[in-house]
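Encoded as structure tokens, the structure appears first; notes follow it.
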Amino acid sequence: MTGKPVVLLRPAPQRRDRIFTPDTLRRLHDLFDVVDLEDDPSPGAVDRALPDAFAIVGQPDLPAERLRGAERLKAIVNVEGNFFPNVDYATAFAQGVRVLGCGTAYSQAVAEYALGLALDLARGITRGDRAVRAGTEEYTAAGNLDAVLLRRARVGMVGFGNLGRALRPLLAPFETAVRVYDPWLPAAVLQDAGVVPSSLEDTLSDSDFVFVLATATAENAHFLDGSALDLLRPGARLVLVSRANVVDYAALHERLAQGRFLAAIDVWPEEPIPAEDPFRTLETAVLSAHRAGGIPQAFTSIGDMVCDDLELMSRGLPPVRLQVAAPELVTRYRNKPVG
Amino acid sequence: MTGKPVVLLRPAPQRRDRIFTPDTLRRLHDLFDVVDLEDDPSPGAVDRALPDAFAIVGQPDLPAERLRGAERLKAIVNVEGNFFPNVDYATAFAQGVRVLGCGTAYSQAVAEYALGLALDLARGITRGDRAVRAGTEEYTAAGNLDAVLLRRARVGMVGFGNLGRALRPLLAPFETAVRVYDPWLPAAVLQDAGVVPSSLEDTLSDSDFVFVLATATAENAHFLDGSALDLLRPGARLVLVSRANVVDYAALHERLAQGRFLAAIDVWPEEPIPAEDPFRTLETAVLSAHRAGGIPQAFTSIGDMVCDDLELMSRGLPPVRLQVAAPELVTRYRNKPVG
Amino acid sequence: MTGKPVVLLRPAPQRRDRIFTPDTLRRLHDLFDVVDLEDDPSPGAVDRALPDAFAIVGQPDLPAERLRGAERLKAIVNVEGNFFPNVDYATAFAQGVRVLGCGTAYSQAVAEYALGLALDLARGITRGDRAVRAGTEEYTAAGNLDAVLLRRARVGMVGFGNLGRALRPLLAPFETAVRVYDPWLPAAVLQDAGVVPSSLEDTLSDSDFVFVLATATAENAHFLDGSALDLLRPGARLVLVSRANVVDYAALHERLAQGRFLAAIDVWPEEPIPAEDPFRTLETAVLSAHRAGGIPQAFTSIGDMVCDDLELMSRGLPPVRLQVAAPELVTRYRNKPVG
Amino acid sequence: MTGKPVVLLRPAPQRRDRIFTPDTLRRLHDLFDVVDLEDDPSPGAVDRALPDAFAIVGQPDLPAERLRGAERLKAIVNVEGNFFPNVDYATAFAQGVRVLGCGTAYSQAVAEYALGLALDLARGITRGDRAVRAGTEEYTAAGNLDAVLLRRARVGMVGFGNLGRALRPLLAPFETAVRVYDPWLPAAVLQDAGVVPSSLEDTLSDSDFVFVLATATAENAHFLDGSALDLLRPGARLVLVSRANVVDYAALHERLAQGRFLAAIDVWPEEPIPAEDPFRTLETAVLSAHRAGGIPQAFTSIGDMVCDDLELMSRGLPPVRLQVAAPELVTRYRNKPVG
């Protein structure tokens, strides 16, 4: 016994060494008495550590009865990125346990990727590279017939959570007007963030670039269906980087095959994408294998955030880096863990 | 005779209808007595119009003797983008003729493209799209082994003219430190632009992303040769969007083939790229057919700028949109016209 | 009974019509069944309304026994600006009641005022106005002997809560390096906000402009004492806009009387300032009667925030505009209500 | 004879040691063969130096005959801030001599001062300081009855030259809409600078804050007369920091005395302001003795700019820091030298 607060580390399906660099792991051990269950994810091992635990780092099953035995518990830190229904959140909140998430760790990576995809769609970068490799490239003006500036384009965002907040500043120097549809946010919050509150219809129909940044919930499956996609302007650029579940992919494919608009797609209803999936040969799309968020710098920032916030909490201060789960929302998400 | 100032329009190798939308062309005709020689580029036609011309829009040969007969001439407006040696600039300046260029018309397009290329290199967007089409894609973390953020990366720019000035603000939200090598600019100008004055060596060796934005002059051919390229960090990202003449492409290919660093290349020593050019199959490069600047919005902005500035000059005011050629530099450029 | 959720409105010492415009009050009544106790602040009136209350807007005494009877209570909204110890916060949190504050309503007003005071100290605006009225003004260079730019000055902030976060962006175009001392925040949070984490000593001794933005807590009374003030550079500019309790005013006066540095002071140990207080005649200070935050637009924004967040909560969504009180901090503040 | 280019230094009415720090003066002497006529401003001394001069730093009389003898002259650098009619500019331009000005040296100082004045008017800083000294101060809300935020206020600028360009970015974080009236600039230039082109009438009548930033020309004397001032909104804030000559001060005083709006005034028809001038006792004005621009950092930046640009020109490169005088405008200004 070190007298230091006990941190139970059981990160699966996340991996310890992906989120903690050697330095950060050393810091965690310096600050806390770490019970590392990376290699022993058995329920028994968790049960033995729980009564002394100050914090749990990971996503083990935490039903009410288990939580009730965790008398010293102050924090449950999700290090995967999504809140799963294997925790009795109501009991945790009633016991004064903070439920913390790491979703913001991926935001910058997703935002940069989304901007890269948008610029690709604006200028045909991927398509042009393909042409040079095929020997069919067109030079200068002849190769730029449908090229557009992002500057002063009309931009729409569907959803304005962590991703939208990270993307917004990247668009600032482009002087774009940005419409946002987000039914969870009042107009003033959007205005303060420098965007124009808008309906879903106007966001889709009045934008040159549309970013789909909405999380999946129990209610919003496939809300971007064929009729919603038909609102997009001819030649619009659509960037999908949040959750496949919010889009009807059959309807999407149909419209892309017709050349109605262009799209960059990072998330898929089924991953890996089936070998014969017709999306794989679309000329009107930039195709990406769920790579927007999970980059090394995103993962290691999780370890940093965990150390910073658990240190603050051990000093009696509130966490400031991880995201405090809202009791109202934590049970409503329907995101699947990323494989 | 309308009493309006005479504008001689002879835009070749530029095309009138590429730079003037119908509305802008109508405005030009409203403001001026336009002698349109798009379809008659003969020397005789130019000669007949010169004595009355208030402004020449285009790049006809203007030796001293011709200029001396142009007694009312106030402006020569280059609408191609590069100043060529077919004008006797010294005589023009001595006669009080303004020499104006349209280089800034392309800057935003090039800057957006350069950022798109940099994000592509950072995240492997083009390479990843290729993998999905080939059925060899890797998902999430496995597909992101060499992915990096642009945020807080070290950025270097070689040259800080119109292109650098347009690119700098696009990088601002990424909080990158930006080093610049530009031997024509004092430190204070660079600092005022929010960049760090630097030597060529430090710019190449201390940057994660390097943008080559230098113009070609009589002195700087191939200054990015093998030994300069060897200063780049392993895994660096190199973006070439200004002039092929400043780089030794054989040395560049050798290092890309070895996987020393990654590059996105828009300009080529020979265009079209030869069919069997080994660059065409490089996995470590994003390939582009001189498409950074010449997009429709760039071309039509030239017409706008011409109308705005000639109108100001006809009111006795200085031009403010086109770029005033510096007598010290106008004869030093060695850029070739874009085909 | 309307079926609408019941909101108990008892804003004293705040005033209803200061924070609710007629339009906003109408909106509150449209959304909720409002029990307005502005004119009946008796404990009995509160007690009668509590069992049905969905939210309390105001600062009535809420000991544990009272809270236990408020079975439907979801939110306690402080509309004064400071959390007082007349609420049993632990009980509220255990019952799942959100405790919300309006501190951010004043942040922009304070930040703008703080910048105005800093520019005044930089350039002697108030002092110069006094000179013109006295007929002793000096013109141009002669009047500017100690005038300095804010641009690229070194700025220090003591405390980086709501006020610092509102002030930081206002300084951005001045390209100032900003050091911050805030013992509640890890380095990464400060770096993400574009400031340099720093010790108190370095913040005081290495800054040309120092903003005191710290809240008063049980622990930090008079931490800016004589020896701390002696760390300020000769000629430094000190702006005090948060809480008088963190500064030793006798030590401050002594140094201002000696002309060691300049200060702008908005908060005072005793308000009104005593009639014969020697601060009233200091030439080295800009004097202000606790006016930084309480302006009409700040007050009416509180009403907006209350309506927006209670509406969200009535829809089962989390509040997003008011500030969620941290259980760890809510009992540690020692700010006095503003008269 | 050193072989270095000859620089003739005759800065009166500017002073050598105000614009050159010892380090900068040393640099000038290192780079050039300096003929320092600070202490011998006689015409003869200038005449003797002219034939060899590469550059003149100062404002000596330069009629055509004198210029014609200056065969090696490449630059005339005005270091006072205004172009005077004692130079035959047409001859200078015909000889290929660059005429350079230092007006931008003052821009940042004026812009910061103008913002300070605007914040003072917004919040009554000077007036409030006066009240504390008089013992008549009102606290918090009672002292803030007419206080307004700059955030999201409507801002108007009359004139958008160096001053407007320096002020615009300082306003950016306040998210103000900015209208500009400037008859010398086309709409696109204003839009690119992030402001809305506007008529004088709309600029005056639709703004909460109006900044007068226009230079004085042969045509615009007193264009802000009584009827123009009557367009201002009741309670508007007017900031005068450019030239007194553009305003009718009698009309201005009348309206300020009536309390129609508030003003901050830095420039005066007569300087010093007459002892009994009724402006001196106005409660509705912030009064300032032509102190907006002439601060030590502004003066010493002139010396830096001179060294940087003359060094570039001696290397055959164009100047980039000082302002190149427009032949079309240089004779139209009617600003008086600042005493």
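First chain written, first letter: the chains are A, B, C and D, and each begins at residue 1.
Basically, contacts are C-beta pairs under 8 Å (C-beta built on N, C-alpha and C of every residue); 3 or more make two chains touch, one makes a residue touch a chain.
For reference, the UniProt names are A, B, C, D = Hydroxyacid dehydrogenase.
Quick caveat: nothing in here was measured; it's all calculated off a predicted structure.
*Asks:* If you take the mean of the Cα atoms for each chain, which one ends up farthest from subunit B?
*Replies:* C
*Asks:* Averaging only over C-alpha atoms, locate the centres of subunit C and subunit D and give their separation in whole Å.
*Replies:* Roughly 37 Å, centre to centre.
*Asks:* Between subunit A and subunit D, what's the gap in Å when you average each chain's C-alpha atoms?
*Replies:* Comparing mean C-alpha positions, subunit D is 50 Å from subunit A.
*Asks:* At what distance in angstrom does the C-alpha mean of subunit C lie from that of subunit A?
*Replies:* Averaging C-alpha atoms per chain gives centres 34 Å apart.
*Asks:* Counting only residues that touch at least 2 other chains, which ones in subunit D make the list?
*Replies:* Nothing qualifies.
*Asks:* Let me make sure I understand the interfaces: which chain pairs count as touching?
*Replies:* Touch list across chains, by label: A-B, A-C, B-D, C-D.
*Asks:* Spell out the part of subunit C that touches subunit A in their complex, as residue ranges.
*Replies:* Per the stated touch rule, the residues are 93-94, 96, 184-186, 188-189, 304-305, 308-309, 311-313, 316-318, 320-321, 324, 326-329.
*Asks:* Looking at the complex, which residues from subunit D come into contact with subunit C?
*Replies:* Residues 18, 108-109, 112-113, 115-117, 119-120, 122-126, 128-133, 135, 137-141, 143-145, 147-151, 169-170, 172-174, 271-273, 275, 280-281, 286-291, 294-297, 299, 338-339.
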